[in-house]
Amino acid sequence: KRNGYPEVIYGEGKTAQQIIDIMYSLQSHQQNVLCTRVSPEKFVAIHQVIKAAVYYAKARCVVLNVQVMATTSTSIAIVTAGTSDMAVAEEAAVTAEAFGNRVQRIYDVGVAGIHRLFAHLTEIRQAQVVIVIAGMEGALASVVGGLIDTPLIAVPTSIGYGTNFEGLTALLTMLNSCASGITVVNIDNGFGAAYSASMINHLSQGGKA
Amino acid sequence: KRNGYPEVIYGEGKTAQQIIDIMYSLQSHQQNVLCTRVSPEKFVAIHQVIKAAVYYAKARCVVLNVQVMATTSTSIAIVTAGTSDMAVAEEAAVTAEAFGNRVQRIYDVGVAGIHRLFAHLTEIRQAQVVIVIAGMEGALASVVGGLIDTPLIAVPTSIGYGTNFEGLTALLTMLNSCASGITVVNIDNGFGAAYSASMINHLSQGGKA
Amino acid sequence: KRNGYPEVIYGEGKTAQQIIDIMYSLQSHQQNVLCTRVSPEKFVAIHQVIKAAVYYAKARCVVLNVQVMATTSTSIAIVTAGTSDMAVAEEAAVTAEAFGNRVQRIYDVGVAGIHRLFAHLTEIRQAQVVIVIAGMEGALASVVGGLIDTPLIAVPTSIGYGTNFEGLTALLTMLNSCASGITVVNIDNGFGAAYSASMINHLSQGGKA
Amino acid sequence: KRNGYPEVIYGEGKTAQQIIDIMYSLQSHQQNVLCTRVSPEKFVAIHQVIKAAVYYAKARCVVLNVQVMATTSTSIAIVTAGTSDMAVAEEAAVTAEAFGNRVQRIYDVGVAGIHRLFAHLTEIRQAQVVIVIAGMEGALASVVGGLIDTPLIAVPTSIGYGTNFEGLTALLTMLNSCASGITVVNIDNGFGAAYSASMINHLSQGGKA
Amino acid sequence: KRNGYPEVIYGEGKTAQQIIDIMYSLQSHQQNVLCTRVSPEKFVAIHQVIKAAVYYAKARCVVLNVQVMATTSTSIAIVTAGTSDMAVAEEAAVTAEAFGNRVQRIYDVGVAGIHRLFAHLTEIRQAQVVIVIAGMEGALASVVGGLIDTPLIAVPTSIGYGTNFEGLTALLTMLNSCASGITVVNIDNGFGAAYSASMINHLSQGGKA
Amino acid sequence: KRNGYPEVIYGEGKTAQQIIDIMYSLQSHQQNVLCTRVSPEKFVAIHQVIKAAVYYAKARCVVLNVQVMATTSTSIAIVTAGTSDMAVAEEAAVTAEAFGNRVQRIYDVGVAGIHRLFAHLTEIRQAQVVIVIAGMEGALASVVGGLIDTPLIAVPTSIGYGTNFEGLTALLTMLNSCASGITVVNIDNGFGAAYSASMINHLSQGGKA
Amino acid sequence: KRNGYPEVIYGEGKTAQQIIDIMYSLQSHQQNVLCTRVSPEKFVAIHQVIKAAVYYAKARCVVLNVQVMATTSTSIAIVTAGTSDMAVAEEAAVTAEAFGNRVQRIYDVGVAGIHRLFAHLTEIRQAQVVIVIAGMEGALASVVGGLIDTPLIAVPTSIGYGTNFEGLTALLTMLNSCASGITVVNIDNGFGAAYSASMINHLSQGGKA
Amino acid sequence: KRNGYPEVIYGEGKTAQQIIDIMYSLQSHQQNVLCTRVSPEKFVAIHQVIKAAVYYAKARCVVLNVQVMATTSTSIAIVTAGTSDMAVAEEAAVTAEAFGNRVQRIYDVGVAGIHRLFAHLTEIRQAQVVIVIAGMEGALASVVGGLIDTPLIAVPTSIGYGTNFEGLTALLTMLNSCASGITVVNIDNGFGAAYSASMINHLSQGGKA
């Protein structure tokens, strides 16, 4: 649709062949393509047919670019609590980059060792919009939210066990945050957070998303 | 804190006297004040002491201004599904205005009569950021989200009965939306949606929130 | 039981041999048979014994007809939000056809791109009864329900992740719809929706189901 | 909208004055009006202004007719498990009658004394569509569903205690019924069941609802 | 413990070797043994060592008798809704028999075809205590409970899909039954139901369980 | 129905007049009557009309006897964890007595002070059937179950706060008990437990309930 | 029981007279008494009879001392997120003091303004055991837990709205904390936290609790 | 960090290589290391590289010591209900030992056979702090809590089926215990319980954890 921005395919539950077909069709309309939730096995099958497709393994995303997008001068910060949240963080990062945003990755700064977060505070505060990604109890969103004055999009992840209930606990934490300026997306929805963040970052550049 | 922006008091569970005390103290620091979740009875008691306090009855908010804030040229659209969602919508609207935003109110355009929504589409599309407020099944967020290219903040309301579970259904709907660009706040949290929307709208004006 | 209508076997948890036995017994009573929830592997085993059995792979259904049923002139419309809902939709479609109904398939018209739905509105409105099948947030049921004046049976599917809770979100959405004229069946129960829809369609033809 | 059919107002959460205003406006368009969920106190206030408004106390519904509707020859049967389900049943009955349907009330025939149900079976089987209303465990829907060949709309009620969870148990029972031909509406939603049933009954009369 | 009654081993999560060790030790104390939840593979390993062990495949139970128990003249009736409930029913039946009870199996008499249940009513009424086993919506317990004057123990099974929630729906149905005289055990707990039923049946024979 | 046994009225949600009417009608058929869940206010109104009606205030039950029932020589023990469980216990006790059972009340012997329970063990073991009533975490059922060889019916109560979820925790505890011979009824269902216990106690006396 | 330690009465659901009776009986055994969950109205009635009883209004606790207890030199820190958590905090504080502990109150230091917490860190670190009390999302427990090396007992409170679910969110947060050394008690259970904290503090003084 | 105490790695979701890297780095800082949640397969890979690493198979823990820690004279008692709780118990035991605590293991003393528990009571009472580990209904925590005067940390396990909901039932039981002095950790969190218990035990030795 909008100039330069990729069309997005949700890869989950689609066969490699279905993905290839959609990619071909979009490519023929001069559309960049981002395909999320693609397993390594599926990518191998895609790549055999579409050589230009690039795989971001940690993000489980495929990108197929037919035109180059400009990158914003301002940035989106992506902050995670633990190393296990990285898959979701990379889905967000690759998405944000595919939509032409500069991205700062600040990983593994969870509240159990809060000094690590403070070490990155200046960097986080320079971003136009911050994505906080956390599993377990998800407390990082509240702490970061209390420290910044920019929009914060919180992504609960399904990392945890027992009463974590596959991410529900982190989600509830984020929805009930005592810090202002936090909005929330579905569990593990790195893509959705980045899509909204990209809109906001581009707005701050004077253009609509 | 930031210049001109009001300090916010969460009125729920505070006595009139507690609210008066905080207001006095903030006033003496030349701070505008917004106090949410104030019942009419409580306001009467506040008003007897602080004559300059203004009550927004539908929003259940009190505003006490010591300095005038400029209003943005761009606007936040607040869209509701039903008339019962108005209390939450007005909390959002009064909050947004207290933070210096121009607000467009587009109420009662739920999906059961979708032509009413389409009649306001141009208006909605002109906003920098859209707040969609809906109870019952909350489908309005998905429909609006599919029609616009700006950030959408969805607020589930506790309007409904039976399996609505006091807003849980609308919340789940909004978190699982098939449209991109939607983030979500807690049930009935009109304040929180407006606070984030204000940050975004101000960013789009070239300044941080 | 009723003349020409198939007997239905719920294939889940039955062995191929058990299904074969029931099919033989029904066939000997001159009964058409519909067997739902049959995996491809199970069908291979059934087919080796009952050559006349026909497999509808997408629907995962087996049909064994001993007599031809008349088809209604009026139709049932089956409308889905996404391509991933197709398995449930086809279970509904094959069931409806097995019960002698004309079926219109209108797939992949979810609310994120609402123009696609509007393109099929005339067609949908011609049906006597409409089945709407959707996963994720299930908003399609409300939107279609607001646009038609015929009974709508909504089928939530288990497509989604995180707070989708394997279809619970779509179910709750459909139960709380602000549009009138919507009734709901269990998650992924394409068969049940088609069975009720068939009763309604046949009633509209002057006969009981 | 459609000729003779009433416009419906959901009275819950509306003031008497708001209801009066809508009623006046509809009356001036020659529309019959049905207003559900109206408390006796609210009706007194409405009646002081609109003398022609009629109150159905058990159903908590107000009807204001400006034109007479024809009544169908075929009927809708409304079957309840207990006397406590009567409020929901009457909401359904008054709704169905307001939409021009003949209604048979068969109350208090729950499965704990199943002979009472069997005593009314012929009557139930004569209806075009059956509404089954039950609280507690909601088993009546399954039993009736197994005995009839017409569409059955099940309404769970919030009657019960403890693990009834205000109607959730009956709802789950009805959604998981082992009998075919059952669709379900929200807890206590007598109106919704009757609205769909009316559509079906009118279809069976050769016209759309 | 009590004379002749078997000791019970809960086989789930125990290795074949662990089960063998416990069996040997109990045998040496002249104790009959019942071991529940044993997979066929595990039994093969047990049987290689303990030749006298007998496997009840449908029940997934192993029995090792060192002395013969008398059987009661009165009986326990075990009634199931569907064929899929058989594994739980057989766990109950084998348990009841191991504890010296006469058992009547009345399977596949669910409420969707209620005439089948009535065909067995005399037989069911002759039992001292009735175990009703049902999945999906579990309505059978209420119907049988309304027809008999003896204690009824209801066992919900995990058979079903979607909102069945792996047996939760049937459990809730049974706990909220409008029929008197029903008590309930955990989902799929055929053993527990039979153990209590055996106590009751033996009490009715003049001895404690 | 059965000779001498009372008919039971569930008083909740019925008006005094409705209860009076049913009582009169049953009295005229020479039936004893037990009416549960009657508030003191409602009883005053009943008593003004039916002088012979007796109120059991702690149990919130009304009894109206037209004939004397024999009492069993064997007994039902009713064991509670705390004093707050007494209302449910008395509902059970009055019910059991109305059905002709000798009842032993052993109250306030919760597991936090387990010596109190042991002081009553002989007494508990003499009963034919034991009802254990407990709120909070409901652990008493498991402990008693492990100490006796007779059927145990567990009644969770809604006593507790926070994650007690109005009795849900005690219910789950009882359903998952590691002790054998425990069956469970709905939260606060003292009547239901006593009804089943009475059946068992009468069976042990050689007659059906 | 133990020397000097008060006996504890749980006041909820007990009448003033019941509490008076227990207090008298304990007093006559030379026992100090702590009674929690006492409303102001109930205390008035108690105080009229037992003049020596002292009411702690914010804690809703009554204390009746017959002997003086020594106070530990080491302390328990009680840390709260917001002012609304004070009732629970005071229940904890009064309990801890009644059990002879020195208590440090550090209130209203929630994570939205984390500098306030850091201002009290030295003080918190001097305690032997820390009780953290928080509602809404309960993130404070994780942050404090990451900053101290002593046992932390977390108390979720029922402060919040919407998806807070009356304290469930804060509870889940605390159970899933990424910081080590945190254990949790029931929602609003200030007493329980203080009781355990007191045991730990006394252990650290060389004596058992 | 603190002298002699091991650093802890949460092994779940980390590759063998990631664990090896962290271990090397910690070893080079003269830190003992405890790594929990390590599968046997993963340990084989770790052991090939780090020969000094020791595997505790039942606990699924790896320990790598570079310096010897002193062991406390006082002890932590670890009490389990069943044999199936052993994996969690050993995680707790190995953790406690790695942190220099003397540990007493008292396994398989669940409340169904309460005499077994009483046989170990003296031993349990000698500990400074007691960890109670139980699945199914988790009643053991309440019973032990009522018998001891030291802090008790309860660990629910995911052992059970049906309404056990993978440990939720045991968790709720423990949070609602009627015995005082019990705090709770997440389901299966043996590590967390031992970490807190170790802090308490060391405090009782006059040092901070």
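Just so it is clear, A, B, C, D, E, F, G and H label the chains in written order, and each chain counts residues from 1 on its own.
Methods note: a contact is a pair of C-beta atoms (placed from the backbone, for glycine too) under 8 Å apart; a residue touches a chain by one contact, two chains touch by 3 or more.
All figures in this text were calculated on a predicted structure; none of them were measured in a lab.
Chains that count as touching both subunit B and subunit D, per the definition above, are C. Identification of common neighbours of subunit E and subunit H yields F.
Minimum number of contact steps separating subunit A from subunit E: 2.
When the C-beta pairs in contact are tallied for F-H and for C-E, the bigger tally goes to F-H. Centroid to centroid, with C-alpha atoms defining each point, subunit A and subunit F lie 58 Å apart.
In whole angstrom, the spacing between the mean C-alpha positions of subunit F and subunit G is 37.
Multi-chain contact residues of subunit H (touching two or more other chains) are listed as 162-164, 168, 171, 175-176, 180, 186.
Listed by chain label, the pairs that touch are A-B, A-C, A-G, A-H, B-C, B-D, B-G, C-D, C-E, D-E, D-F, E-F, E-H, F-G, F-H, G-H. Residues 12-14, 18, 156, 158, 166-168, 171, 186-189 of subunit A are the ones that touch subunit C when the two sit in their complex. Contact residues on subunit H toward subunit E in their complex (touch as defined above): 83-84, 159, 161-164.
In the complex of the two chains, the subunit B residues touching subunit A come out as 2, 8, 128-129, 149-151, 153, 171, 175-176, 180-186, 191-193, 195-196, 199-200, 203-204, 206, 208-209.
Those residues of subunit H whose C-beta lies close enough to touch subunit F in the complex are 81-82, 110-114, 136-139, 142-143, 145-147, 160, 162-165, 168-170, 172-180.
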